[in-house]
Every structure is written in C-alpha cells, then in structure tokens.
Amino acid sequence: MKQIFSSPDEIIEGIEDGATILVGGFGLCGIPENVIQALVRKGTKHLTIVSNNCGVDDWGLGLLLEKKQIDKIYASYVGENKEFERQVINGELEVELVPQGTLAERLRAGGAGIPAFYTPAGVGTKIAEGKEVRKFDGREYVLEQAITGDVSIVRAHTGDTYGNLIYRKTAQNFNPMIAAAGRTTIAEVEHLVEAGTLDPHHIHTPGIYVNRMIEAEQENRVERRTVKEA
Amino acid sequence: MAVDRKAMRETIARRAEKEIQSGDYVNLGIGMPTMVANYLSEDKQVMLQSENGLLGIGPYPSEEELDPDLINAGKETVTAAKGAAYFSSAESFAMIRGEHIDVAILGGMEVAENGDLANWMIPGKMIKGMGGAMDLVHGAKKVIIIMDHVSRNGTPKIVKECSLPLTGKGVVDRIITDRAVLDVTDKGLVLKEILDGSSFEEIQEATEPELIKE
Amino acid sequence: MKQIFSSPDEIIEGIEDGATILVGGFGLCGIPENVIQALVRKGTKHLTIVSNNCGVDDWGLGLLLEKKQIDKIYASYVGENKEFERQVINGELEVELVPQGTLAERLRAGGAGIPAFYTPAGVGTKIAEGKEVRKFDGREYVLEQAITGDVSIVRAHTGDTYGNLIYRKTAQNFNPMIAAAGRTTIAEVEHLVEAGTLDPHHIHTPGIYVNRMIEAEQENRVERRTVKEA
Amino acid sequence: MAVDRKAMRETIARRAEKEIQSGDYVNLGIGMPTMVANYLSEDKQVMLQSENGLLGIGPYPSEEELDPDLINAGKETVTAAKGAAYFSSAESFAMIRGEHIDVAILGGMEVAENGDLANWMIPGKMIKGMGGAMDLVHGAKKVIIIMDHVSRNGTPKIVKECSLPLTGKGVVDRIITDRAVLDVTDKGLVLKEILDGSSFEEIQEATEPELIKE
C-alpha cells in the first residue's frame, strides 16, 4: 500500500527550498496540475525544475515562474511563456536547454541506474561544448549524464493502491521516466482504484516507482486548440 | 510584386509530399512541415510519428472529438489514426535515434553545402529551445529541409557555411524550397529540380555555394 | 501493411550463412519456435546468436546447436544444455557471457541508437576486463556497447497487420528490445488481427520495428513444471 | 553425524525472511533464496520481483492454473500476485540497476570480508553464466547472501579474499548462514547473531577473516 493523500498541500510535505523537482508532462498535456498548484501555494523557493517545457503564463509550471520560485530549469522548449523570457533576460532564471530526446534518455538513465550514455544528438553544436565527444564505428557521439531528482511529480489517468499507473493517450510523454528518476515520487491520478483491478499487461509504470498518491480532478487545459474545418 | 506566401508554402508542401513513399514512417516538424500532411496522397499508407509519444497521427479532431490528452509535438490537438500506438517520449526518441523513421521533414533557417543545418536559434533573440530537432536530424534515415529559397531581404539561406548556431553537422540529405530541389552530396550541392521555371543560372544566383548540374 | 507470410520457411528467406540473429525469449518462454525450426530445416550455418539462453537439448535454440549451425552465442545463462557444454569444451562453439541486465540494456541501446553506456554490473570482475572503467560520482562503472543484428526474431501473443505487437505475461521478456535492434525484424505471433482492432494504449512494440509477420501455433513447452502441492 | 541439510536450509530461509519489511520490493535468487518466499509472514505486504519481467510473483500454480507464459527467473511456472505488473527485461533491470529493489537475497559460494562476492563460476567446471546476479548485487539497496557457513569439506566460505572469480566487488551487506548472521562493515565483518548455539570462538573458528563482536 502506498501513502494515499487527499490534500495536495499535504502530499508535498518535505519538499524543501532548493529541491530538484522532476515534473511530468508535455506542454500542458499530462501535467500534475494540482500538485504544482500546491507548490505555488506553499511558496517553496529556489527550485531546480526538470521538465520538457515550462507551462504557459497562467498555468502549469508558469505559475511557479510567476511567483519566482524557480532558480533553474532544464527543458527542451520554453517558447510559450513571456514571464520566462523576462526572467532569463534579467538573469533571474537560469536555463539549460537539452535536446528533447536527450532529456528523455537522461531521465530514463536516471531511473535505470545508467550514469551516462552516448548520443549523436548535439554533436558539432553548442550542446556538445565542454562534453566528451567520442567515435563509435566511425561516427561521433556526445557523452550525456543521467538526471535524477529529489522529488518526481507525475500525472496518470488511473492508479491503483499499489502505485501501478496507466497513462492516457499522449498524456504519457515524460511521465514514466520521471516517475522512476525521483528519490520520492508523487503520482497525481485522475482515478484511484483498488490494487488487483488493473490488468498487469496494461501497466505503464509499475508501483515500485511510486511513493505517494493523490486522486485529483484535472482542468486539462488545451494549449493549442486545433479542430478540423467543418 | 507581392510574393504570395501562401502559394509558396503550398508549392513546397506539395513537392515535399512526393518524398514520402507508401509504407514510410514519417516525422513532420512543427510549422510548415506539418502542412505536408494535408497533401498526403490517399494511395499511400503512411504512419506519421509525433515525438511526444504517438505513432499514427490522424487528422485534426472535430469539436466533439477534441481531447486535451491527445496532442502532437506542436501541442496541437489531433486524433489517432487506425493502427496507432501510444508510448513514452523515451520510446519515441529511441525510435527516432535508432533510425527507424524513414523520413523527417523539417524547417530550416540556413543549410550549408556540406549538409550543416541551423534552425533553432538566432543569437540576440530569445532562445526558445531545440525541442526534438537535434535528435531527429541524426536519427531519421532521410532528412529533408523545407524552407524559402532566400530570406525576406533576399539573401541566400543556402550558404557555404552557416552563420547561425547549428542544429546538426552534415545532417541534411535534401533541400526543398519554393524554387528548387537540391541534394547534399559528397561532391557538393546538386540541383535536382527547378520548381518555378527559373534557369540554372537564376537559381545559382540565389544560392551562395556553387551548384552542380544534375 | 507488413509482409505477412504463411510459411516459416519463406519468412526466413534472405538470412545468409554467417548472419547475426537476435532471438527473443527467456528459457523456453516466449521463443519464436516456428521460425527457429525453419532455420533448422534450412540449415543456415555459421550463425552468431544473441539470446538470453540457448534453449534445451531438444527444443528452441538447442535445435540449431544440435545441427552445429551456431558459431558464436551471446547469452547470460546457458546451463540447461548438454550439447552446448560439449561444443564449448571441444572449441566448436564460442560463447560470450553477458550479465542479464547488461544484455537487455545493450539490446535496448542497439534499437535506440545509443552506441554505448555505462553500467555498474561487472565492475571488478572478468566481465570488465579489457573494457573502460570510469567513475561517476565516485562510483565505478564499465562501458558497454550496443548490440544490433542482421535479423531479429521475436514471438508475440497478438499482432496486427501494421506490425503492432502485444506480448503475454512473462513471454514479453527480451522480445521488445530485440524487435527494435534488428535490421530486419520477423515477428511470429499467436494471433494476427486487422490493424485498428488493438487498443493503442496496450501495444508493447509499435509496428515501426516489425518487417515480416507470421501467425503460427505454439507448442509452448514448459521448462520447469512447478505446481503447488495439492 | 549426518547434517540435516533440509533443516539447515530451512533455518537459513526463516532467518532471511526476517530481513524483509512490510512494503519491501524483494528479489529472491534462484535455488535456496526462492525458498524464502515459503516463509514470508502473511502480515507483511511484500512484492517479489522476477528479473525476466514480473513484479508480484504469486505462489506456484495449480495444475489448472499452469501457464507456460508465466515463469520466474528460475524458469519455474508461477502465478501473478494481486497488483502485479508485467514488463520487458530492460524495464526489469532498469528497476534493479536504478536501486528500486529494497532487498536482494542471493546464494553464495564465497564472501570476502570486504563484501566481495563469488557465486557464479568455478574455474575448470562448465560455465553456466551469471544470469542477473551481477546486476542485482549492484542494484539492490540491501544485498543479503545466504549460504552454508562452510563448504562440504569443512573449509570456510567466508574468507579474507575470494579465490573464485567475482560476481561483484564490495557488494554484500549481510551474510546469513546456518550458523550465524554477519554484517560487512567498514571496520570488518561483524558477527551480529549466532543461530546454532555456538560460541563466538566456534563461529570464528569456521570463518577465515577475524570477526568483530557486535
């Protein structure tokens, strides 16, 4: 049995100022929105955030930015956010851009006990500056290191009381790797069910990676509403 | 003469569509490359990959189908095609990096004659990030860049050496512009097709490196 | 649409003497038994096989051994097989033992375009001899390289005509990584269904990794029959 | 006096069971370690991992339940426990290597006072392979070796330095034998418990390195 919380404000207990937090989601899709808002309410400061994006000005991680709770962020794309731009230009926010596949793999490595690996992405670019570049079979690759965090926060569609998680559609994205890469992993689920009710074939994140859980309703905002012409 | 940018983009997208064979797995970049999907021949069975974690992108949804949990790499709401699969971003980039994608069609700011690509940042302007581009250019079996032949002020975007920070070194296979199709080869840039009725010399005029006649 | 075959003898066309073949399965569980038997019938020789185990004397890869079709094998455990022992002692068969997790990860790396990675497994043992050992965060790791193959042969429970595969229970094992690590991948499935009938959430191996498919009945032998005392 | 090996193994398995806390994720090695499951207290909620790709091993099946697709790492047919999950061997070892397993209980041939473990090959004898042992000894948060205190000819299996090829260097946390429980510490081997009524000196006698009194 996992620790099951009913309040997002309680589930974040123990997350200290200065923590490194890994946050699941891609854009606003599959983000643990209630736990993020609890961090905003608590005002935890000097955070290092690892997440593919940094939300938008009034939603997701953008809310943490707005309250200047983030010191540094690792992301692959941050172009959706005016406050982000302002803080970077003013030197209030440090940003390390990581190619998206490298970010996904560094997080996977973090959860999988692989300290470092070689990838072709970034060879011959700014990204490889200061890093080891090495040839295998005549091709150049750059050495990239694992990312782990003090806390991981993920969002799943269904979770059981043993911590097993199932994601829905493309809301899966970075969540499985992030679930495995945190020392403490918090899972925000849309539906919490009893252990034993999920088909063991369908589980994306086995419960071993999850420490704390909360069932919470999602606003599920759409970042770029596109529909076909009628 | 006002350039009809919409028609230019359509020309490029239609020509780019011809690069895709039936049975191909294809990744279309954000922006103009996404448009290529609109021109895909129905005779071709093509699976479009979205690097956030979807193989088999379908058309944009109707209002009723709209689902916040189903988006493409450009964060647009989409649908899933027949035979689609969902997976994590790590699996998605394993697929890309592992050279399982047949064709990637991406936008470009500059392409050099040796296949260097710059398409992610302009010094002095706000950095938005490279997203999946740096992984895609090394992973896809064929990397096709689609872009205007020259910049808005008329300077060549196909250059001897990129002046902008690189996305990848020696990664481009083919360039498709509003005016021509060019291949990056060991011998240099080969002009494969002229799309706008220009002469070889006129295309050469608008292109910095020396072109090789097919 | 994938190439769908009805004969295992035809699906192996193009596999040449001297090929490197990656074979899914753990023990006799989840092995592509019909395709293996086709290779035995064809008599393809001088094979390099990568597989966690090498079957038993009269089943699975043991059948290839019996006909001396294998020159070299990469495996983590080969203790089930008398003919294996005989051939190694006589110098007829070369064996490279790889820790099981390292084998799984080297195959995953092969399919994922990662040429090499660091792992703690094997540090300070024979396995690390001749390999780079390097410290990250004060701990030692050994550099291991990706494995790819000319051909991969996997076994799944259900496959659709687009090549999407679903494995059953622990018959999954090495199959997903091997499906991705071969230049040509052959999937032997127990049930072939039309594309569009599988739930996209439940697919373990997306069709992009699969080239040829065959629906074939399985004998599904049990290696160690253990039942509870009545 | 004939040693009752069955009783010895039971003593070891029962003592090893005490190492497992409720809520733990546990990997039990092949052979004697597998027996530990038989003694697991029903008061504990424990998930057993099988490195071929199962979290949540259940009891052996009945004849009717027997399923060739459901085996443990020792290739024995098993069942799946409530709340189980199936996954690939890559995911399974990600779980192991990434230090998510709380306790691994493995067999041993030799353990050295510095925590070196040898348990996979005897030179001159046929090599069978290390299976997942080399990954497990580095990955599990706590590595417990269970084995007979001495070999069949009476020589110590707990030694100053392993003579057999190593499975891992400095990886063992605790040793449980038919006679004693010993911890590998920075100061040396600490005798934590005596299980067979011997004196400290008698255990020391059967152990090569110098023991530290708890």
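By written order: A, B, C and D. Residues from 1 in each chain.
Keep this in mind: contacts are C-beta pairs under 8 Å (C-beta built on N, C-alpha and C of every residue); 3 or more make two chains touch, one makes a residue touch a chain.
In this text the structure is predicted, and so the values were computed from the model without any measurement.
Undergrad: Give the fewest steps needed to get from subunit A to subunit C, where each step moves from one chain to a chain it touches.
TA: Contact-graph shortest path, subunit A to subunit C, evaluates to 1.
Undergrad: Which neighbours do subunit B and subunit C have in common?
TA: Under the touch definition, subunit B and subunit C have A as mutual neighbours.
Undergrad: Higher C-beta contact count, C-D or A-D?
TA: C-D is joined by more C-beta pairs in contact.
Undergrad: Roughly how many whole angstrom separate the Cα centroids of subunit B and subunit D?
TA: 54
Undergrad: Using mean C-alpha positions as chain centres, tell me how far subunit A is from subunit B in Å, no decimals.
TA: 28
Undergrad: Could you grab the centroid distance between subunit A and subunit D? Build each centroid from C-alpha atoms only and quote it in angstrom.
TA: 36
Undergrad: Please output the residue numbers of subunit C that touch at least 2 other chains, ranges allowed.
TA: Only 105, 108, 112-114, 119-120, 167-169, 200-201 qualify.
Undergrad: Quick check: what residues of subunit D touch more than one other chain, meaning two or more?
TA: Residues 80, 86-87, 93-94, 96-97, 138-139 of subunit D touch two or more partner chains.
Undergrad: Connecting every touching chain pair, does the picture come out as line, ring, star, complete or other?
TA: other
Undergrad: Once the touch criterion is applied, which pairs of chains come out as touching?
TA: Pairwise, the chains that meet the contact rule are A-B, A-C, A-D, B-C, C-D.
Undergrad: Contact residues on subunit D for subunit A in the complex?
TA: 23, 25, 45, 47, 49, 55-56, 80, 82-87, 91, 93-101, 138-139
Undergrad: Contact residues on subunit C for subunit A in the complex?
TA: Interface residues on the subunit C side: 105, 109, 112-120, 136-137, 139, 141, 145, 166-169, 200-202.
Undergrad: Given the complex with subunit A, which residues does subunit B contribute to the contact?
TA: The touching residues are 50-54, 59-63, 66-72, 74-78, 80, 86-90, 92-94, 96-97, 116, 126-135, 138-139, 165-170.
Undergrad: Considering only the defined contacts, which subunit C positions touch subunit D in the complex?
TA: 26-30, 52, 75-80, 85, 88-89, 95, 97, 99-102, 104-105, 107-108, 119-127, 157, 167-177, 204, 220-228, 230
Undergrad: Which bits of subunit C are touching subunit B when the two form their complex?
TA: 1, 108, 110-114, 160-162, 164, 180, 195-196, 198, 200-201, 203, 206-209
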